[in-house]
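Note that chain A is present in both complexes that follow, paired respectively with chain B and with chain C.
The block that comes next holds the complex of A and B.
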């Protein structure tokens, strides 16, 4: 067997040397916090044990699982529903809008695309508060004004469970769709135009053309984005919390996702061991779901 | 007054921490006090190198990271303070604050200002048209802090100094039920909604604190105030709001700077500082010498706040457990006022939630 020369051995490490700065950065900002959270979850670190904390084994996990009551199950199910409904609407509506933006002969397409980016460009916190006051507020909001104009009386959709769910859903679509539209729009540029000409000659209609040509062509490109977005939706916090649960602005809707429930029950306790255990459990749930979905998604995309 | 710039120059790495009692966080108060202190200390060009005002946004937490304080959980100041108080060697009260006033628009208010809450409720009923968006008496009826004057006045409590929640005490439940009667005439009770309604002259009065005065004056409202403690509840007792005292503390890290700290505290506790806080920011000074100044004594807002403090206002429990009481108390009020939940059932449920939250802290 031929031995590698020192130069060849060194060359094997060269790519790793190039990657080293990036790997160090990832280790510091991604791996370390996860590992440290995992470590804290096995300690009794809290307000009362800020510096003198010690290992307590699985005590925090036992406490976290003992809290998995009916409210947790309800929040888990609503989080799944939230994720599924959001993704179906987000992908399908974004696909249709992206198709519209790429319609042959459309004037000012770039202007429309730029305008569609505005919700994405705005800071999330600002958008949410703007909607909360400007659209949903029971006194000054657009919906309340419309309801009054139609003689329905003052309405605050954020005070009921499903009203809050759909209000959050609409706002989330408004905020998240620009990203998906951009991804699909980019993917559409790679579709071979000759395929559409062939389909036209074969007499394919709008739905047939896009179902059989466009979608299969763009799916391998957008699949990673869809997978990532799915888990962004799963760990939704800011919209639900700021619209319905914010201190001083609790609307009484009672809508809780897994993350908002964890925050309002565990994170406010200043018990960092327990909070870290809850975070680790949620992290593992997301990793498992992501692994399952990614495997399926990427397999479909490749095939 | 000592030569402040030289004093602060000698402080080196001294850390000053502005804090409030209980869960009451100074919010813009630390900004105000920080501004005054820096101006007195450094003149026209404030330098922020040595003086830290810990605020709720955490913007300056990073700067104090060398002292370990940067790891404090932002948003739980009362609890954070209690847990870290061993780090402090001394502190001086700076200004007093609280939900102490019924503020009313003199141009809209009809008749005399009532002396009982029942009369206040009757006024709200007679002068509220929810469809037209006009209101007689507004309050954040789902906010624990704003309903505390009812609860305390009825003899109940959110939490006592022994860290025992009191949400399902009969007195607390009576107060919650009484507050519900007001809520029908107080819109959604959200801070933004009620303050905007008042500043847009859609409401005759609002229960709030001195922090709202600048916005009210900017809106051109002819403002009148009356101490909340001067309103009698149906049980004959006065309303009893929480009062907070915003203070400065010094880390034990700074023990080697004793002389400088002593001089600095003299500045903070000086008459000039108190007068400046009152004149420039409408704050009620903690230093009694400031009340020798006519500009302070002639301020109606400050006089009312001082009167409230002197009568039935009570200090918010300065215990870590206070920080986890806001959510269950707010849930109790929201579920009763907005969702029409039964007071007894809801109080028991939220008492349980509060006890669980306190247990979770350990």
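The block that comes next holds the complex of A and C.
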């Protein structure tokens, strides 16, 4: 074999030249802060130890996992529940809605699709604040008005734990489902129509047809987006924070996901070491989940 | 085989009617919160507390006039635009080069890097916010637009690389090879062949980056605390945050003003967004 000529050596180098600006940027503002967060997690940095902090070993991690002292375990479980419930509802409801939109003879399908997309198009924080004031507010929110119309007293769902959970869930479905509907609607276009004819001849009903024909052809197409959406649900922060935890607007529901917990531990309780420990644990969880998921789901995208 | 005559069975009619009723109800439920806000934004402040829900009893532009001229709305708008445009420029240049390298070069460590970027993309930026906050405080970059632009660019570069990589891969390799055989060098291939062909992808990605910055609030409200450097998000936040009983009509008007440009852009490029999503995520 010939030795590499200088030109070939240079060619090997070229891709890295292209990647250099991007990688430097990412290393600087994404990777380095993650490392720094990991470092802080081993210190006792807090409001009282802003500059004179010291290393404390795993003390913050022990605190995160000891129930009495921190909410980490509880918030982790509720985050898991939140993610699972959201994904099940989102995917199944979006699948049914997308099927409906593709029903033969539905002339207004395009109009419906356009209207259903509106929540996707709105800026997220605007939607959340609008819902906070316009829907959930205990005095002139739509829910309060509805409750009063039915003769019930003033109600504010955001003040109780599960009330806040379901309020956030509804709002999240409102905001996130347009994307899922669009993905499934797109995937439905690639289903082989002739299969439906044979299913009809075989006498298969609605559920049988869509369970054994439509779903198996749609799933491989939407799987990468579903996987990415799962991470998005897991790291949902804006809804819980803006609805129930705003400084000065805390509703006292006590609902914390792991992400809001990490945030409030740092920016409200000023316990930076503990907050960073929570962040680091979440980061490790994401890496592990990814290792489990990525091989199959993202193989095509990465190739 | 004889084709079935195209006559609908009664059962199909019933099904269609039910389906239409379902979708009309669904669409109504979806837009109710927005209709309510639109109505409030055109109502006098007294109306917002009354029973009026979908039609203002007295139509007025007063709330829009107030939010635009009695509040520093245009300062907020200017700050947001500065951040959005700055971030787009700062993101797209490294991202275009990166996406090109991933799409048309094969090199050692490519797959590994792509996985790493995917993981970093799944990682919530909020979690490293304190670390960044502290570093920026030490470097005197708090309350600096440049500081925030650099932060935004970091995570958006990852998104943009992934978003454009798919398009870049759809450019047939023979075109590049032919240019090389004709004697074009590396730079000529990139600037004269690849980039012009990838222009739609670059434009769509720029707009998506622009929208993400426009829609961002938590970093904007944490890193820019001076009142003169408020973005639209920070401004709107204060409106609902303070005595919002009184300010609810103003807040509604502000929300609509902020959302309108995004709504228009979204529907104008809906087709590209959807195709971009599928092209980036799944490949045949």
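The criterion applied here is as follows: the second predicted complex is superposed on the first by the 207 of 303 C-alpha atoms of A that agree within 3 Å, B and C clash if a C-alpha of one lies under 4 Å from a C-alpha of the other, contacts with A are read in each partner's own complex, and residues count from 1 in each chain.
Here is the rule we go by: a contact is a pair of C-beta atoms (placed from the backbone, for glycine too) under 8 Å apart; a residue touches a chain by one contact, two chains touch by 3 or more.
As the structure is a computational prediction, the values presented were derived from the model and not from experiment.
By the document's definition of touching, of the two partners only chain C reaches A:221; chain B does not.
In the superposition on chain A, contact of A:84 is made with neither chain B nor chain C.
Set side by side, chain B and chain C differ in how many residues of chain A they touch, and the one touching more is C.
Of the two partner chains placed around the shared chain by superposition, chain B and chain C are both touched by A:139.
Of the two partner chains placed by superposition, chain B and chain C are both touched by A:266. Once the two complexes are laid over each other on the shared chain, residue contacts for A:249 go to chain B and to chain C alike. In the superposed model, A:153 lies in contact with chain B only, and not with chain C.
Legend: residue contacts after superposition of the two complexes on their common chain; A:292 is shown touching neither chain B nor chain C.
After overlaying the two complexes on the shared chain, residue contacts for A:47 are found with chain B alone; chain C is out of touch.
On chain A, the patch touched by chain B and the patch touched by chain C overlap at residues 133, 139-140, 248-249, 266. Of all residues in chain A, those touching chain C in their complex are 12, 14-16, 18-19, 21-23, 25-26, 28-31, 33-34, 36-37, 40, 97, 100-101, 103, 105-106, 108, 112, 114-126, 129-135, 139-140, 142, 145, 174, 182-183, 186, 221, 224-225, 228, 231, 235, 237-238, 241, 246, 248-249, 259, 262-263, 266-267, 272, 275-276, 279, 282-283, 286-287, 290, 294, 298, 300-303. Note for the complex: chain C touches chain A at residues 8, 12, 15-16, 19-20, 22-23, 26-27, 30-34, 36-37, 40, 48-49, 51, 53, 93-95, 97-98, 100-102, 105, 107, 110-111, 113-115, 117-120, 122-132, 134-135, 150-151, 153-155, 157-158, 161, 186, 214-215, 217-218, 222, 233, 236-237, 240-241, 244-245, 248, 251-252, 255, 258-259, 262-263, 266-267, 270, 274, 277-278, 280-283. The touching residues of chain B, counted against chain A in their complex, run 73, 76, 79-80, 82-84, 130-131, 133, 140, 142-143, 187-188, 190-193, 196-197, 320, 323-324, 326-327, 330-331, 334-335, 337-339, 356-357, 360-362.
If you check the complex, the residues on chain A that touch chain B are 46-48, 50, 63, 133, 137-140, 148, 153-154, 156, 159, 247-252, 254, 264-266, 268-271, 274.
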